[in-house]
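Read from first to last, the chains carry the letters A, B, C and D; within each, the first residue is number 1.
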Amino acid sequence: MTTRLRIAFVGCGTHAGIAIYPSLRYAPIELAAVCDLVEERARANADIFGAGAVYTDYRTMLDRESVDAVFVVGPPDLHREVALEALDRGLHVFMEKPPAEDLAGARAILERSRATGRHVMVGFMKRFALAYGKAKALMSDPGFGKPTHINAKYCHWQCRDLHWHLIYMSVHMLDLVRFFMGDMERVHAEKCVAGGQHAFALAVKFKNGASGLVGLTAMEPRVQERVTLSGEGQMVEVDNLVDLRVFGREQRGIGLEFEPEDRFWRPDFAIPHLQQNSLFLQGYAGEVQHFAESILAGREPTSNIHDGYKAMQLVEILSSTDGETVPIPDD
Amino acid sequence: MTTRLRIAFVGCGTHAGIAIYPSLRYAPIELAAVCDLVEERARANADIFGAGAVYTDYRTMLDRESVDAVFVVGPPDLHREVALEALDRGLHVFMEKPPAEDLAGARAILERSRATGRHVMVGFMKRFALAYGKAKALMSDPGFGKPTHINAKYCHWQCRDLHWHLIYMSVHMLDLVRFFMGDMERVHAEKCVAGGQHAFALAVKFKNGASGLVGLTAMEPRVQERVTLSGEGQMVEVDNLVDLRVFGREQRGIGLEFEPEDRFWRPDFAIPHLQQNSLFLQGYAGEVQHFAESILAGREPTSNIHDGYKAMQLVEILSSTDGETVPIPDD
Amino acid sequence: MTTRLRIAFVGCGTHAGIAIYPSLRYAPIELAAVCDLVEERARANADIFGAGAVYTDYRTMLDRESVDAVFVVGPPDLHREVALEALDRGLHVFMEKPPAEDLAGARAILERSRATGRHVMVGFMKRFALAYGKAKALMSDPGFGKPTHINAKYCHWQCRDLHWHLIYMSVHMLDLVRFFMGDMERVHAEKCVAGGQHAFALAVKFKNGASGLVGLTAMEPRVQERVTLSGEGQMVEVDNLVDLRVFGREQRGIGLEFEPEDRFWRPDFAIPHLQQNSLFLQGYAGEVQHFAESILAGREPTSNIHDGYKAMQLVEILSSTDGETVPIPDD
Amino acid sequence: MTTRLRIAFVGCGTHAGIAIYPSLRYAPIELAAVCDLVEERARANADIFGAGAVYTDYRTMLDRESVDAVFVVGPPDLHREVALEALDRGLHVFMEKPPAEDLAGARAILERSRATGRHVMVGFMKRFALAYGKAKALMSDPGFGKPTHINAKYCHWQCRDLHWHLIYMSVHMLDLVRFFMGDMERVHAEKCVAGGQHAFALAVKFKNGASGLVGLTAMEPRVQERVTLSGEGQMVEVDNLVDLRVFGREQRGIGLEFEPEDRFWRPDFAIPHLQQNSLFLQGYAGEVQHFAESILAGREPTSNIHDGYKAMQLVEILSSTDGETVPIPDD
């Protein structure tokens, strides 16, 4: 009886070590083997995270190890390459975003996944961030009502170039907006270019009738992330991933009577538990749990390769648009 | 030697009594007479705010009183009507926004003001709100750099209808966005309609090259107002008019070294002084001061009828647009 | 039939003009006359706030004007002097805090008030501040439970000397603590003296069994005011008079399930109404309303001269104590 | 050449697994062996955190393994027992707080540490929390000036009993207050007892002349932790471990001119790096780093057994005092 998912892990870089490897222990996962081009890094991760075997060639690892799934965290073309190889070997795949270096790459993985019947999850961890998960749940409350509007902001320091800006940073928010509001009917993008950096202003019409604003800039001090979700009856806001506010029933009028009716949540950082653990706050632990539990249960995970493909569609649109209104394809 | 501006005031309604009359005492103004269709209200305001004469017909008041300027706070068509009458009599005018019930009305006042050489100020008090004034000044700091992006939000409870929503509420933010970022090249508006209420999502391209997002919805609990201004070097945010934050030089990297470099200001509500006085926080006192000082000095006030005309241009566009991109006329 | 309280006002200084005069219009009050040693100031206030007569000698004013009550806002010895005179004339009194320059002065007013059967209200406006009033009401909710603890802080810039620090600033918080928690059994005060300024740390045992902390320092940048009220079931915090938070039922455990159960309120500064009017936020309008309504209804106002006397008791204790524990007298 | 500290770890409970084991990887530490009475737990930790050997008896582990130091995380009597055994074997010790079940136990370890010349660090991780470390550094800025006052609050949900409340929870804040302000001259404690739970209000006089307030209650919803540090020139506040504010030079006066001069820092939770990693935010990673680096460099770590002894002194005082003022012994 399989109760833990046996995995092989490709990639031992900094990001994987900060975010993904430490998340494995919170999921029903057994780390069988790790692989990195630099053997020393692979060995260090095996020591720290308790893997049984170390490889420098992922194909050799997949030849020798008997696993259920492959994790891959590295450059986008590695994601695509390993994913296709793993799918062909009948393995499920967890990959960091972006799923590939371009839309065609994402398309190839999507089709291979459908052809092989094996699942590919793309690591849009923000969907699994504690406060965003709660915000999504709150949208299902009858009190929230029909979604009407979103204002989403993901602004940060300078990026190497526009492609880097879009596929490594903006792609997160493009997926998150779709997670909350569903598919888009059309998007209109305005941009400011200064010093080689871009500031995008997107006005969106969603298929569900809602309107939305998305700001994606690479000219900010620090990282500014905020999502405001409006429904007919409530407004839910998450700022900096840890400040969740729910504004409730209408409080109108010029009188002095008031009740402190609006609600909030913030983590208790003064005490060590999972609600303040950054792996859970940011969603890394949650996405890894979701993948493992989905595969073990024979279900397709959400934040799958189709979600990755839809996010890459928007990346491609933003790569070239300038003041145009673009309809979003249905595929 | 005139050191105080002598004024006659048309309109003694609730809003005028909350916001404009109590602001007069902070400006070099002498309130000569007040006028309201309801004599009792006019008399009450004369008592409370120390006016010497009371009228129920504004033309009679203007016939009899020797004043420098007229204040008018009432319905939009009254603004237009009184303004035209006052200009023809050689008087300056301070009027609450909106300047008129439609763009043509604003145009008429603009032309009469030019023809008579008399000034008309439109009460876009947010320009004079304490924190917004400071934000505008901070944009002139060399450290702020070239403006690149704005995210402005003015969301509130339900309005009677779309026209009311736009001319009484949205018009404030439409002017404020122009105050910070200058004239627009084009605007693209998406809207959601639910229960007769509207949620606008605007993507804007400014003439200075910046991109911007403006959210204007009438479906929120309470009033949500926030403006985020990005320059090449800094970001300035004002939330709820009283929380001012300045995010400074880039703080990148994954190390643990940090300095608390970002700056903030909030009013000290624990002590009575002008910095927490709501008339100053919201800009009412400031706009009245500015009007009186400008007229006394023979200068045209800012937030004048041309600004009012430009705001009404946007109101007219939003009244009819749906998913279109509209170039902004230059006049 | 009297429906408005007719008053004479002694004192036309800056503070009165910022806080008390503009509050009169929100109460059922008719301002009959104003008095100041400087006639020009008296005349200006009469103009601005609509008084019918102007005096430079308060006894003359009380001789000539037929009023129900006297307001006095000036130095502490003037408060005492005018209060005694007014009581002897059968008039009720509203006075700014402190009620007198020392405990004996407050005692004299207290006794004269009892002897004449006329009411004296002391302007501890913080009791009437919007958020504190709500906090007090929340303490009556069954969910709050028995009060167990208070942490109150009133810290501010440097004062002229210790006496000034205590009677003009600390006296506010000393009264407010008693407003929330009732009478004290004993107080222990530690102090730090630096540069002629004092930082008091008070541990308090209340008669109701609760424990409390009070910080009163005159060495801070800006004004820092915060009150945290704990009951067996809830915690209520008011920061800077405008951020009200209610922490509810116990939320323990290390799991990831949470509801945004804690509640908050803040004023909507984006819109002009009474909930953001500083006169209401700070309690000036409320205290004046309460005085007028109480006198008109024949009831003694709260925040009366006995409350003032109790606050002055603490001022006197703090004037001389250093590391001692002092029982609070019952009178 | 030793560049990594070789350690054996006693205790594989929940807390150790959440906070201490995951911190080892950020320090120059090699985890040689783990020990727990429950073999399965020891084996799980060896797998997850990469230890080479597993034991169920710590004396056997210390007999067989060649290590530099022992970590012990368990009940207080285990801390004492293992520490004494390890010191006698010439090993250094890192122990979770509290150092022992009572003051005598802490005294015994302190004396054994001095006798053997081996170091014992007590895990007061709050000293190493990111924002507290920065606050301590800010106190050394010339602008901060002489420390004058502290207001420290550590309030939380109900505890099993008073002893538990004090040795597991309050002990943290008692040490942290001493970390910031130095040794105490005397402490006066008032307490409220309700439903078997305690709310302590402490007024403290420090040897450096400062005054202080410490609130320690076990009747709150959630965990409320806040430290405010006042110096002659600045005030530094840390709320909930992640909101750091520095209030600077005096900003007095009733004018409208202001600069956003006060500074703040908060972690960027939107991006995975060490500044938002809960192990660093809370100080677990920092204390483990400090221990390893100190021992490798031949230095005594701070937060040592003497610090633990001083914290236990206060615990003992609070265990029995009720409204008394207690001088703090110098030892």
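Keep this in mind: a contact is a pair of C-beta atoms (placed from the backbone, for glycine too) under 8 Å apart; a residue touches a chain by one contact, two chains touch by 3 or more.
All figures in this text were calculated on a predicted structure; none of them were measured in a lab.
A.B. asks: As a test of understanding: of all chains, whose mean C-alpha position lies farthest from that of subunit B?
C.D. replies: Farthest chain from subunit B, going by C-alpha centroids: D.
A.B. asks: Which pair wins on C-beta contacts, B-C or C-D?
C.D. replies: More contacting C-beta pairs are found at C-D.
A.B. asks: Round to the nearest whole Å and give the separation of the Cα centres of subunit C and subunit D.
C.D. replies: Subunit C and subunit D have C-alpha centres separated by 41 Å.
A.B. asks: Centre to centre, by mean C-alpha position, how many angstrom separate subunit A and subunit C?
C.D. replies: 53
A.B. asks: Can you check how far apart subunit B and subunit C are, centre to centre, with Cα atoms defining each centre and the answer in Å?
C.D. replies: Roughly 35 Å separates the two chain centres.
A.B. asks: Got the subunit A residues that touch at least 2 other chains?
C.D. replies: 18, 222, 224, 254, 262, 273-274
A.B. asks: Quick one: in the complex, what on subunit D touches subunit A?
C.D. replies: Checking each residue of subunit D against subunit A gives 15, 18-19, 22, 25, 46-50, 154, 156, 222-225, 240-242, 266, 268-274, 276-278, 281-282, 284.
A.B. asks: Applying the document's contact rule, which stretches of subunit D touch subunit C when the two form their complex?
C.D. replies: 14, 18, 146, 148-149, 151, 153, 155, 157-158, 186, 188-195, 199-205, 209-215, 217, 219-222, 224, 228, 230, 232, 234-235, 247-252, 254, 262, 323, 325
A.B. asks: Report the residues of subunit C in contact with subunit A in the complex, numbered from low to high.
C.D. replies: Against subunit A, subunit C makes touches at 130, 134, 138, 244-246, 253-256, 258-265, 273-275, 280.
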